[in-house]
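Okay, so subunit A shows up in both of these, paired with subunit B first and subunit C after.
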Partner chain A sequence: MEIKPILAALRQHKAGTILIAMQIALTLAIVCNALFIIQQRVAHLSEPTGIDEPNIFVIQNEWVGKVTSAEADAKLRTDLDVLRRVPGVQDATTSNSYPLRGGGWDDGVRLSAEQIEDTSDATIYFADERFLDTLGLKLAAGRNFRADEIQPMSTRDRLAPPVIMVTRALADKLFPNGSALGKTVYLVGGPATIVGVVDLLQAQSVARWASNFAYRSVIVPRRMAIAEGAFYIVRTQPGQLEPAMRAARKALFADNPRRVWDEREGILSFAEVRSAAYESDRGMAVLMGIISLVLLAITAAGIVGLTSFWVGQRRRQIGVRRALGATRGDILGYFMTENLLISVGGAVAGALLAIAMNLWLVTRFEMHRLSLLYVLAGVLLLLLLGQGAVLAPAIRASKVSPVEATRSV
Partner chain B sequence: MSGMFAHNLRLGARSLRKNPVLTALMVMAIGFGVAASMITYAVFRAVSGDPIPQKSSRLFVPMIDNRGPQYNNAGEPPDALNYTDAVALMKAHQAKRQTVLFAVRLSVMPEDAQKAPFKVPGYAATGDFFPMFDVPFQYGSGWSAADDEAHAPVIVISRSLNQKLFGGANSVGREIVLDDQQYRIVGVADQWDPKPRFFDMFSGNAYSEPSQVYVPFNRAMDLKIETAGNNNCGGGGKRGDDREGWLHGQCVWISPWVELDGAADVARYRQFLTSYADDQRRAGRFNWAPNVRLRDVLSWLGYKHAVPPESRIALVVAVGFFVICLVNTIGLLLAKFMRRSSEIGVRRALGASRGDIYRQFLAEAGMVGLAGGLLGVVLTGVGMLGVGLVFAPEIAHLARLDVSLVSLALLVAIAATVLAAFYPTWRAAQVQPAWQLKSN
Partner chain C sequence: MLKMTHLSKVYRTEVVETYALRDFNIDVKEGEFVAVTGPSGSGKTTFLTIAGLLETFTGGEYHLDGVEVSNLNDNARSKIRNEKIGFIFQAFNLIPDLNVFDNVEVPLRYRGMKAPERKQRIMDALERVGLASRAKHYPAELSGGQQQRVAIARALAGSPRLLLADEPTGNLDTQMARGVMELLEEIHREGATIVMVTHDPELATRAQRNVHVIDGQVVDLAEDPRFHQHQSRAGAPA
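Take a look at the complex of A and B:
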């Protein structure tokens, strides 16, 4: 296919050419970034927590009125006993938080007492000796806490447990060359010895600000003994989640009604926890998906509209070419090539624009760098879209009869 | 003239009907573009507004570095005060009005034993809180400075809590028990919930559920009520081993606010903060140069990033989307107008001026814009139902479709379309009457 005459013809209608190219460029820039955002969010929300999610539910329990720390601890232990007797419940534990909760106690871990900069941030999880089993966590090395190591802790107590467990991600960060077992690290309250390493346990927040310690957690042998209550994490027998949740509520309120559970968040299956934690990620992905689809549709429609106009404008010329021996295929090829030329021009500009837009998003919103693969995929997508959109008007053009050459428009 | 305008509209309507597909395409492009922009703008407007416009330039957050430069975040002092500095600022009383506050959560045991107990969110603050923040009252008022001094067990409750507990009756003077402690109600605050909640940005409560109770700061300290908000101890250790140690340690958890009239007062207060920090240095408590801040409401909100990043990204993407829709419209209008070159040629030959052509085609574009705007309003309405998909529910429900948004949508649609029509119309007006007549 000769390109020269096409270029000459394009010069005749610069405005339309520029408009289509511009539209392709802008669409490419937005669609590339949108696809990239979707991929990031989807990858983010499929990160594992490391716990037995389908069979776990959590309760946020608060006590009514003034309760001393000792009273709160006694009530908490009674509650755990009650929970463990509920039919369908496999085990129950208590903590100050749980993965995907959204926030809580994160603190710095240091390697020496004098160090000012923390070596790493980490989520602090309180745990009793049944924490690992209840959550379904795997111990990668070392041992679990013994029952006699678990101590109650009040709001303003110093966090200084003699022994702790850490997640493997934290262990690798603290001690990149060798085992963390038996090593001493410094928490806010003082030194602690690592006795166990847990394979995988996600932090309590999956927000961006917590992303640099996403899987780094410290597990301390403590129970929250405060009036504000604590979280109960309950693991049920497979398939028993729903009835166990209902039964747990009934059993606990029957045992002691002086407690407050939030209407919406008092008791949650872990599926609900997960869906709430990633609500905005999912929403952003859906929004970007819708915007991309509508944009592509509008761009395609714009191409169809303008090309149809050109075909209509050039019916006579097409007729003349056909009369001079051009085949239908030649005419079809002409319009397809014309579109390809415009699209390539637009796509090159769009690729640059996409990268510029991403760089701006990176500086303004701490987004990640756009991978060039996405730009390439976007370019291909838009070239295909252009060819698809131009097909119908081009076929119509190829059906113009040579007789048109003799007719006045 | 108006007759001409009506004529132009009729011509436009006829032309639009002639290519229904092209017209529908333009209307839909504008409609989608307008709707996307309006939905995201509605959210953005809700979160970026001034929560207390009448006073935002007179309310200030004082900050004092109580930890030292090695624990600062990019040189900034902590976002709240520790107990020692909060009490000192209140005692110094250097501003017209001042308050210190922290979030609390107290349990209410309904008298009817059948009803489940519940927790109410609120604040421990000093009496100046109410006049400083223009809190409206349904009954009674806030408490006095004397009540603060006396550590009085008084309380202000919200209209909704009053409704729940007393059926909406005037409850001033009645007693209420929270966390087993008795309080005397002195005021019922009318509906008041500034968004973002500028005075408690420290605890991340910018968009939390409305607060229901306000208790005196001194009373709350006597009762050892724990903060339900943030408690930031930084990297500096010194957080104490028990409550006493914590109170006198370097953990920050109290939000301070002062009201200052005019630049002179602001300068004087800033001077006071510096000299206070300097006094602390001389007393040996701080061993670094005074590092203080005094920000008004809007710069405080900017500093604390009150506008969620999702909202900005969505707005940027939506505006880009709208621009593409407009480029698309320019192209389609160009196609549409140029297709009628012969018609234009005939009209020009029959004596129509360029101005006539301009008016005719801009009127046609205006109609497309109006139709697109109407579709956009409908789509915005539908989209508002789905706002919760993208934004957190407490932010999503702030976005509203009101009269100003509808008018803005229509205005933007028409203005943008007419603007987009300028180039195609200009091209149309360039059509030479003679050429067109010749080629036919």
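Take a look at the complex of A and C:
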């Protein structure tokens, strides 16, 4: 292939060449980082909660009027009994929060009473003896809570359970060299002994600030006994989610209508919880996708425009080349190679720019380091885009007749 | 070398058929220097484009170097143009983005020739036209005469069997034109077959043989009344 004369010709058209190469470079830099952000967001979207999502719904219940802690606890237990009797319901439990909720109680966990810095942050989940079964969690080691260990907790009580369960991620963090079972850790209220290790349970927040303890949770044997109510987590038989949700609402209000449910968030399937939790991630991924597509389209249009202009400008020159023996394939190859050379130049600059842009994002927005695979994929994408964009004008050029060489200027 | 028999070229539109060449017959032997003359619109340029396989013809036969070319596909025609024909155009048709060396190299690259051979041929061709020292110059840095010499070098570099020249001095002043014609005569003396299209009768006299074209046909100047009519209209002695 005639690379040297093509380069020589491009040197005579510096402005157009540099502009297109710069456009390719900038597009590559932005698209690489955008694709990387999309991938991270999509991966984030797909992170497992560890619970039986398809068959779970949650209720946020609040009592009307002045209710004591003891009354609240009694009402809560009645509600759980009502829920467990609803047709299609497998089990029901209560907690202060649930995975992907977006907020709740996070606290530090220490290995000794004197320790100032926490060993880890963790999400605090209240649980009764049916919490694991209701959520579909797997106990990796140790035991579940016994019914007699579950205590009601009001806003005035300290969090000082004698026993707790932790997730495997937290156990590994706290005791990387051995089993966590039977070990004592220190919560905000005092010491607690680990009696069980749960395989996988995601934290209640998927926000960036909670990412360093995303799967580190402490499960405490406590029930929320406050007038502001609590969350009920209900697991249904497979395929019974929607009818069970409708029946649960009816049953609870029939049993005690003096309660308040938020119109939008009073009762949610877990699919709705997941959708709401990742709304911003999805939005960001879509936005980045649109930006990438627009940039790629603009770059492709730029290549088509410039090549079409060059083909028009060089009609006679193409005719001369054909007269001197160039086949249609030679002319097609000329323009494809010309574009490839410009694209490679732009891609090299773009790869460096993509890495520089990512380093800036890493320091400025705590993003992850861009994988070089993304740069390579971006380079390949831009080269293919360039070749695709140049194809139509190049085919037009290859159809220029050799007789064009004899036309008067 | 070049033989056209009853060749015709018709341009058709929905309403009219125009014969650019009609029952056109010509036979150029190897080593001949033939001038094809005729008034504007007579069909001499159409003859040249067909002779050079730049466009196809409608009817008749055309043998080039013993090969009947009417049924050749585009790639085969390109190959023949590249290997057997050297073109010299009125407007030089050098590629402005390439320097002299690269311009002469163009047809050799399409032939797939290796770089050392290409370089040897280019420098030989440039030596022959007296422009070896200008190899790195761009066309815009050369005079019209020098540009045409580069075009001749480009045509010669591939050692073609046939040189086709279309008004090779048409864009040159008298002195430069003389130089180019002397070069063509020299090339002919060395054995090249040259067909030159020109409307200039004086240039035509420098060729070995003149072929006159009127209304798309080769005519005998002495017998054809159209020639005499044309000469009368032009105010020239019959």
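Quick notes
Just so we're on the same page, the second predicted complex is superposed on the first by the 408 of 409 C-alpha atoms of A that agree within 3 Å, B and C clash if a C-alpha of one lies under 4 Å from a C-alpha of the other, contacts with A are read in each partner's own complex, and residues count from 1 in each chain.
The rule is simple: a contact is a pair of C-beta atoms (placed from the backbone, for glycine too) under 8 Å apart; a residue touches a chain by one contact, two chains touch by 3 or more.
Just so you know, these numbers come straight off a predicted model, no measurement behind them.
After superposition on subunit A, the partners subunit B and subunit C are seen to fit next to each other with no clash. By the touch criterion defined above, A:Ala326 lies against subunit C but remains apart from subunit B after alignment on the C-alpha atoms of chain A. In the superposition on chain A, A:Gln317 makes contact with subunit C only, not with subunit B. By the touch criterion defined above, A:Ile355 lies against neither subunit B nor subunit C after alignment on the C-alpha atoms of chain A.
By the touch criterion defined above, A:Ala74 lies against neither subunit B nor subunit C after alignment on the C-alpha atoms of chain A. Of the two partner chains, subunit C is the only one touched by A:Pro402; subunit B is not.
More subunit A residues lie in contact with B than with the other chain of the pair subunit B and subunit C. Judged by the touch definition given at the top, the superposed model places A:Asp157 against subunit B, while subunit C stays out of reach. For the three-chain overlay built from the shared chain A, the minimum Cα spacing from subunit B to subunit C equals 10 Å.
Residues 408-409 of subunit A lie at the contact with subunit B in one complex and at the contact with subunit C in the other.
Taken in their complex, subunit A has these residues touching subunit B: 15-16, 19-20, 22-23, 26-27, 29-30, 33-34, 62-66, 103, 108, 116-118, 155-158, 188, 226-228, 257-260, 262, 279-280, 282-284, 286-288, 291, 294-295, 298-299, 301-302, 305-306, 308-309, 312-313, 361, 364-366, 408-409.
For subunit B in complex with subunit A, the residues that touch the partner chain are 22, 25, 28-29, 32, 36, 70-71, 105, 107, 109, 116-119, 179-181, 204, 226, 228, 233, 235, 237, 239-243, 245-246, 309-310, 312-314, 317-318, 320-321, 323-325, 327-328, 330-332, 334-336, 338-339, 342, 388-392, 423, 427, 439-440. The part of subunit A that touches subunit C in the complex is made up of residues 2, 4-5, 8-9, 12-13, 316-317, 320-330, 401-403, 405-406, 408-409. Of all the residues in subunit C, the ones that touch subunit A in their complex are 45, 48-49, 52-55, 74-75, 78-79, 81-83, 87, 89, 91, 93, 95-99, 102, 105-107, 109-111, 154, 158, 166.
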